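A, B and C label the chains in the order they appear, each numbered from 1.
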Amino acid sequence: MSAKQTKKKPAATTVKHTAKKPAGTAVKEERQVAARLIPIYIMGKRYEVPEGLTIMKAMEYAGYILIRGCGCRGGTCGACGTFYRKPGDYKLQVALACQKTVEPNMYIAQIPFFPANRAMYDFAGLTAAPEEVFKLYPEMFRCVACNSCTKACPQGIEVMDAVSALKQGNIAGAAQLSFDCIQCGLCTSRCFGELAQYHMFQLARRIYAARIVPRAEHLAGMVKAVNEGKYDRSLDELKQAKEDELKKLYQEREVEPMAAGEDWKPKDTRYL
Amino acid sequence: MSLAYYPGCTLKTQARNLEEPAVASMEALGLKLDELPGWNCCGAVYSLADDDLIHQVAPVRNLIRVKKQGKTKLVTLCAFCLNSLKRANLLMKEDAEKRDTLNSFIDEGIDYSGEVEVVHLLEVLRDEVGWETLSQKVKFPLRELKVAPYYGCTLLRPREIAIDNVEDPTILREFLEALGASPVDFPESTRCCGSYQVISSPDSIAEYTRPILSSALSHGAEALVVTCPLCDYNLARGQKELAKKQGGFREMPLFYFTQLLALALGLGPQICHFELNHGKPESLLKEKNLLSQVESLQLIGGKE
Amino acid sequence: MSYLGYPDFFEPYIKKVEQSRPARVEKRKKGEEFVFMSLQERQDMLKYHPDYKEEGRREIRVGPSKGYRIAHEFVDLLEARSRVDPDKVDLSKVDYETDVLVIGGGGAATIAALIAEENGAQVLIATKLRHGDANTMMAEGGIQAATKGEKDSPYYHYLDVLGGGHFKNDPDIVAAFVKQAPDALQWLESLGVMFSKFPDGRLGAMHGGGTCRKRMHYCADLSGMEIMRTVRDEARNRPNMKVLEFSPAVELILNEHGQCAGAVLYNMETEEYSVARAKAVILATGGAGRLHVQGFMTTNHYGATADGIVLGYRAGVPLSFLHTVQYHPTGVVFPEQIEGWLITERFRSEGADVLNVHGEKFVNEREPRDVESARFIKECLDGKGVPTPSGKVGVWLDSPMLDILHGEGRVRTAFVGKWKVYDRLGIDISKAPMLVYPTLHYQNGGLKDNAECETVVPGLYVAGEVTGGLHGENRLMGNSLMDIVVFGRIAGRNAAIFAREKAKEGELTLKHVKAYLKELKEAGIVTDRVAPMLLPDYTTPEVKEKQLTVSYLGTLR
């Protein structure tokens, strides 16, 4: 570090020319006016944070820089799986730190990573036979249907039922039940049978989509047409066209109505 | 009219030839088998360890789901599932301490103390359909099919959950008679086929199954009817090995009771999935003129 | 007290929405739409767009795009020091050796890595957070491709892309894009991506803003997540692929022949620097939402800090189209817990109206995003925005209409992701409208490349959001997910070929970084800013006051 660095201003806030500060750093100022402070316990240690913040923002307010346990901040990546308890209640609760608002006296612990067994496989060589999934994940049959996985799921997925479907050879069922899975791994962390549910579900979904659901024939037809050069000439025309001409073509192009059904056809078919 | 129905894992994977003829037959008899939504594995083998409560969670949860859906009876086809579910049910009725622990752990929202009745399909046929009615509905009586009824263990033992008299069961004989077949009584019909012991000692299959098979054969059986996929597997394997060891040992076709039911009700061989059977049942049936829809024979050896 | 899950404060405003709803639903059913703006009206409306605020930008004084007027937040990063003193890095000690180094862990990076591996390369992915932590994971709406030949073709896709981009897009890049899009979609299908389909396998498709045909395909409302999960899973099956997580690149390394030959990596957890040598490099570092341009909230993931732009620019890659940044018109403005989050344009595609404080429509919901955002901003500036208790403003997005138009349960099933998020906060969006305002969403431009993903630096390829040229001055919904697939594949293939055929052995160097730092000095730029930023800084001033023995390097301790 150079000796010149007396001011510890981080790069994000050295924006001299705009009126607003970046949204994140304005958190404390807004809250001072509006919200009251409540206590929460981060891995057993007490901090006072403004009511109304998510667990993630509360941890940042308390001074944590999140390296692990923070991803999309939008509830879809599974980085911020968190367990918590409330005093006097033995029930273990689960949440995503970026989604869950803090409550007074929450005892929280993040699980940014949990070791999970994942089978390697050659997808191109897989069929839809359930036996192939059984072979890759034989531990699936250690499931004792205790339902701890379902209780640990922040997405509200019926995890046990999805495992059950897999065991029954119902790959489609497992795929559909597990679609919302963000692969946070909390189910795996609680599983008696030591299953890595989310990896199994991922496999089921891929098999379902590629081997059970019919392929889109219209898509194959279009790929063929493109490869045969059907659209080369019209695209070349567009590439050469000047801006004015493009604007004209754009404005005059027919727009498929919002309410149109699958059988709608345009009047102009020259470029199809 | 419909009955809450529990298939079990094996019927959905290996033993489709036990399930599909059953579902079709019951529909034809006016008693639809309504698969229980949200069922999961029954735990397969009832745990005898006194403290192994976690093993009871699986079957009990299924029973709770039946109760939640407002049903009071659950039918199953798989002998192992019957055994596991019925014994877990008994536990919940009789052992207050374990019942409390399990209810407190399971978290399905309601408590359970054995309100659901678990029955086997044979009991339903006997008690709700009745052998008279059944025989009236038979379109193709299985005339002159000399078939030996084999019970195996789990439908009859332990005594508390048996579906028939343990020493001298008759339910399968009555069933076969209603279908117009000729049941062959033989003394080894309740001897254990070896069950899952054969997984750790595969070489013992032949010896476990020899007494059963040779007794049935010596009493004039042309085929065996079974109720359990594991018995089916063990007997089939056993036959093959005995045939190898002893030249002249005759292999018999093995039928699921539900396949004979479907055949007799005139639902045709397609639904029976004979291609999944061990021991080529079609040739025997053809010989006895029991396969009237000849065109369906295209299925032999291939999958539908 | 609350009304439909919102605080009482909103009750009168929501009631206005409910009052006007029946008539508006009828109009939708009849196919009556609010009139679209003409091209001139669009142009005029854009004056209200943040990009056009002159106080928000300045000219950059160094580098290949010197003189370019772009947002302060970008210039601040480009006119900044290196994280590590180039002289301190021992380039003779190579820690990682590979054929193709992929910098980034999102969709473009992973897809490029897969294709490079399929073309015979050993691949190393170095990513800042976890593999999959990227904007791809959060993309919701869909992925555009002309697939229904009886009513659509790449020709129309091209026109739409141009129209959205104000006709300034790079023609070669767009042509390659629309032509290869169907094949890219088929590739995803073969990998097992669960697209929403009709029972016979036909792909579901809908309109996006600015499209003339319904060609946006989707996987419920989790399209990006489904694609990201699938390609990441496939990457995990490849034995010739290694992934280094929590290891961002902080400088590109060149060799004496001027080729890109690797990168300096930084271990976020142990704070060590290491040298990765490669025969070709792919930069796919995504976007820049966490720069919070003009103080806007953002939809982007935690690591979207324009790292790749800094790295590429220092190595000599010019910028293109970085003067425009895309604000997604519908970011959540209330409740605060989900402030900034993306409400997919698909709500509007399916027929949900946008309304002002009086419960009235004021714009067609399917204008291109920049025009739409500008229009919302204008409506609020005109005093017709819906107020919130914290002083922010927004407009209503009337989601309950979708249950009426498409059948009960539509919102809950087709938009399951968003429904759940709101449900957790006590609001049922099939009964209550959503409150939205533009949010910083996408980097329309970036590093300049061509249709082969090549940059001016041999051996350096770029793909995905970090590039500029495809979307012109404004991206259409559904084209970013297709961007990463088409150009991820092109970059992967070309990088593998370069590694095999054109890469030359040579001495590694960071001379370009030293030259850049010298240029800064000569331009009179003295700063303690450090780039790449790596992570945004959300530590409060109060905490910093008490951190007596900590020193910050940029935003990190």
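By definition in this document, a contact is a pair of C-beta atoms (placed from the backbone, for glycine too) under 8 Å apart; a residue touches a chain by one contact, two chains touch by 3 or more.
Everything quoted here is computed from the prediction, not taken from an experiment.
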item	value
Most remote chain, CA-based centroid, reference being chain C	B
Higher-contact pair (C-beta pairs counted), A-B versus A-C	A-C
Most central chain, Cα average position	A
Centre-to-centre distance between chain C and chain B (centres being mean Cα positions), rounded to whole Å	58
Distance from chain B to chain A - Cα centre to Cα centre, in angstrom	45
Intercentroid distance (Cα basis), chain C paired with chain A, Å	15
In the complex with chain C, residue positions of chain A that touch it	1-2, 4-5, 7-28, 30, 34, 52-54, 57, 60-63, 65-68, 70-77, 79, 99-101, 118, 120-123, 155-156, 175, 179-180, 182-183, 202-203, 205-211, 213-223, 225-227, 231, 234-236, 238-240, 243, 246-247, 249-251, 253-260, 262, 264-266, 271-272
Of all residues in chain B, those that touch chain A in their complex	9, 12-13, 38-41, 43, 54-55, 57-58, 61, 106-107
Chain B partner contacts - residues on chain A that touch it in the complex	130, 143-147, 151, 158, 160-161, 163-164, 167-170, 192
Complex interface listing, chain C residues touching chain A	29, 31, 33, 39, 55-56, 58, 72-73, 76-77, 80, 129-130, 132-133, 135, 137-138, 146-156, 158-159, 162-163, 167, 171-172, 175, 178-180, 182-183, 185-186, 189-195, 197-203, 207, 212-214, 220, 222, 225-226, 229-230, 233-234, 236-237, 239, 246, 268-269, 291-292, 294-299, 301-302, 336-342, 349, 351, 366, 390, 416-417, 420-421, 424-425, 527-531, 533, 535-544, 547, 551-557
